[in-house]
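Shared between the two complexes below is chain A, which pairs with chain B and chain C, respectively.
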Partner chain A sequence: MEHLAMHISNGIIDGPVAAIFAVIALAAMALCVQRGRQHLDDRLAPMAGLVAAFIFAVQMINFPIFTAGISGHLLGGALAALLVGPWVGALCVAVVLTVQALVFGDGGVAMLGLNITNLAIIGTAAAYLLIVALLRVLPRTPAGLAVTAFVSALVSVVAAAMGFVLQYQLGGAVDLGDNIAGLAGTIAGTHLLIGIGEGLITAMTVLTVAKTRPDLVYALRARGPVASTPIPAVGGAR
Partner chain B sequence: MGAGHTQLLYHCSDSPVHRLPPEVKIAAMVAFTLAVVATPREALWAFGGYAVLVAVVTAVARVRPGWLLRRSLIELPFVLFAFALPFLGAGERTELLGLSVSVDGLYGAWNVLAKGTLGVLASLLLAATTTTRDLIIGLDRLRCPQLLTQIAAFMLRYLEVLVGEVRRMRVARLSRGDDPRFVWQLRGFAIGVGALFLRAYERGERVYLAMLSRGYTGRMPQVWQGAEAATSGQWLVASTVPAVAAGVAATALVLT
Partner chain C sequence: MRKRTWGFIASGLLVSLLLAGVVSGFASADPDGLESALREGCTVDAEGAVTGGDCPAQREQEHEIGGPLADYGVTGIADDALATGLSGVVGVLLTFALAGGGFWLVRRRAGQQTTGDGDGAAQPTSAAGVG
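Here is the complex of A and B:
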């Protein structure tokens, strides 16, 4: 089975709603660029590019779930929020989505604003708010970090799916009447299952990184204005 | 997955469509898609017109129709969604093959099928006739914020490197007796993903330092944008497709 489109394709949501969400997505991305620059200054382009390539590569690795026929892959939104922070994370997911729409036909070009809102903005924001809250409550142990990663990844997948339900309610192709609750239930159910897998892998991945390079896990760094990790500036050029 | 994956969809060939500058093709593709999405779904004939346009461009670009159709299977989940709509839709109902279905749902299913398929075909045609490198240059010339095009360029440039690392790590894992099956592979997979992140991030730092030592000041040099931009003649040629599509959409809007 080849790569399947899991992003909203053209014609599912009507034009005006898609346009509204395109404006929202654009504004949010501008904010992400600004905050990302504060964090990484002129390192932003190469670092965010490599992180985006990482997300893209991870999404390309399919692993068989039961047999070779049914396979899944990691979405990586919560993982990006944990490792590089919400701003750079959302920016990278948005770039991945744009390239997927332009080059692979995965997600309609006219629906790009909707897809970026769901996966890059809602998904990352939900994950990051939970990460901040849970890390404050849970003990600072590997187990605490694992629980945080699992829960935030699970919730971010379901929250992104609920973003689609909301958009469908606002401007779906067909008025489903009372059946919208059924649609919400079906989508929430399937994404709960996807989210459990996503949560397990995210937790184990973050633990691996935290064990070797804890300084690279954004969520574990001191809060407040993050001191950019010192990179020896060559000859002071900057 | 494999070598050259990022160019997987590019069909190396020499056709009038391949020769058009990338920014022209991107603008034409987006304009065409917007015209299709803006068309009222009751105007069935309009979608026939769009399909003819796509077929003409496919022929001019010398892309094999079979390849195009096979790749468009990517849309399958949404086709399934479309098939559910007539049964879930509210409002007026009608009989079809002995089943009670919603009229609104039928139109909605058609809407998703037609617009989705035309959108996928248009993106695939763009991908088949434009290398990813040209695509980035095109976006840059269309005044896409440079930071975003830079991130996208780095992403595409290093994607194959990272995919190659994933493959080598998997081979290393297998040759050390790992048995990746079902849930037992999750641990190995996750550790691999963690290692991949470390390698990607550290590579990013090395790339940045290498750029810095070659005079990087936060902007890409002009050379990066490649050869000269599109001429007005090329814009005119490429605009025929979206212009016809816009005409069809406008007619459909007036008639319905």
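Here is the complex of A and C:
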């Protein structure tokens, strides 16, 4: 069994485009440190470390997606946004990608800005926008939280995948011409299926944390996206 | 309170270590959604290597670093599940140390004043940004 690389490898996107996205990613991460810092207290800091470690672990577990010969794996943006908020969450995913590129040869070092842009920035941002909207309209019950997690995770995976399609159009190694639409269609289709897996894992994980320690779920906290409402009684939470 | 939080962190870390160290051995070996899309147009042999045709995946180049844990294996360990599990355990501990340590260093200390949007007090170190 050869464990395959799961992020953009060297040679797939040309150097200048990769460099532009490296600058974008670096600027966004600096902003995330600045904005995330106000949420990072003695409780959130170790929790964010755990979220990063958990995402690294679950990303290793590729699951079949009912399409012959293709697997999927967690990206983690929605999970991170739900548990530690968008700024710190994006940093968690970025740390995972950096470790994978520097230590595990997964994703070219020159491609790191592209991978961070797709998974850490687009994935987390898309998820967070949906989380805020869904938590406002859905009932504040475990089912409401589960639906929020599932939908935001699914959409975030497709959004992150479309980030790659955009990058490929700007600087793909092989000029696909009109076939870029074909690539977009293929990637959208597989990532819709991967998104179902991402949604299930995200919902299961967030519900588990919400049942044992609702105060450690950023999306349920008073400082979170839906301020002024008390923490909902999820399951047997005290 | 603090003790309970650290207990939760320890349990979560244990779950992560089991997932990366043991469950990872049962993961699908098929290429993921990105890789498979980049192989469209190419033929692939049983080992997963591109053998012919025309597709973006053929342009893939060597990784800059590689290293002893490249591709989630361990140089010198032939048993795939064991190598994957060991590299997974190292990865979980390394990620936790870097992310947790970095976040701990830039955290808001008790009693520290932050302005409304936190901008005034933020002095991020460059090392903390991307771990």
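We take it that the second predicted complex is superposed on the first by the 197 of 238 C-alpha atoms of A that agree within 3 Å, B and C clash if a C-alpha of one lies under 4 Å from a C-alpha of the other, contacts with A are read in each partner's own complex, and residues count from 1 in each chain.
The rule is simple: a contact is a pair of C-beta atoms (placed from the backbone, for glycine too) under 8 Å apart; a residue touches a chain by one contact, two chains touch by 3 or more.
On a predicted model such as this, the values are computed, not experimentally measured, just so you know.
In the superposed model, A:M204 makes contact with chain B only, not with chain C. In the superposed pair of complexes, A:V33 makes contact with chain B and with chain C alike.
Residue contacts after overlaying the shared chain place A:A161 against chain C, while chain B stays out of touching range.
Legend: residue contacts after superposition of the two complexes on their common chain; A:A52 is shown touching both chain B and chain C.
In the superposition on chain A, A:G171 makes contact with neither chain B nor chain C. By the touch criterion stated above, A:G144 is placed in contact with neither chain B nor chain C. When the shared chain is aligned, chain C comes close enough to touch A:I194, but chain B does not.
Residues 2-6, 9-12, 29, 33, 41-54, 56-58, 60-65, 91-92, 95-96, 98-99, 102-106, 108-110, 172-174, 176, 182-183, 212-213, 216 of chain A touch chain B in one complex and chain C in the other. If you check the complex, the residues on chain B that touch chain A are 1, 5, 9, 26, 29-30, 33-34, 36-38, 41, 71-78, 81, 85, 88-91, 102, 104-105, 107-109, 111-116, 118-124, 126-127, 132, 135, 145, 147-148, 150-159, 161-163, 166, 180-182, 185-187, 189-191, 193-198, 200-201, 203-205, 207-209, 211-213, 216-218.
Chain C makes touch with chain A in their complex at residues 2, 4-6, 8-9, 12-13, 15-17, 19-20, 23-24, 26-38, 40, 47-48, 54-67, 69-73, 80-81, 84, 87-88, 90-104, 106-108, 110, 114, 117-119, 121-122, 124, 128-131.
The touching residues of chain A, when paired with chain C in their complex, are 1-12, 26, 29-30, 33-35, 37-54, 56-58, 60-65, 69-73, 88, 91-92, 94-96, 98-100, 102-106, 108-110, 116, 161, 164, 168, 172-174, 176, 182-183, 186-187, 190-191, 193-194, 212-213, 216. On the chain A side of its complex with chain B, the touching residues are 2-6, 9-12, 15, 18, 29, 33, 41-54, 56-58, 60-66, 74, 79, 83, 91-92, 95-96, 98-99, 101-106, 108-110, 172-179, 182-183, 197, 200-209, 212-213, 216, 231-234, 237-238.
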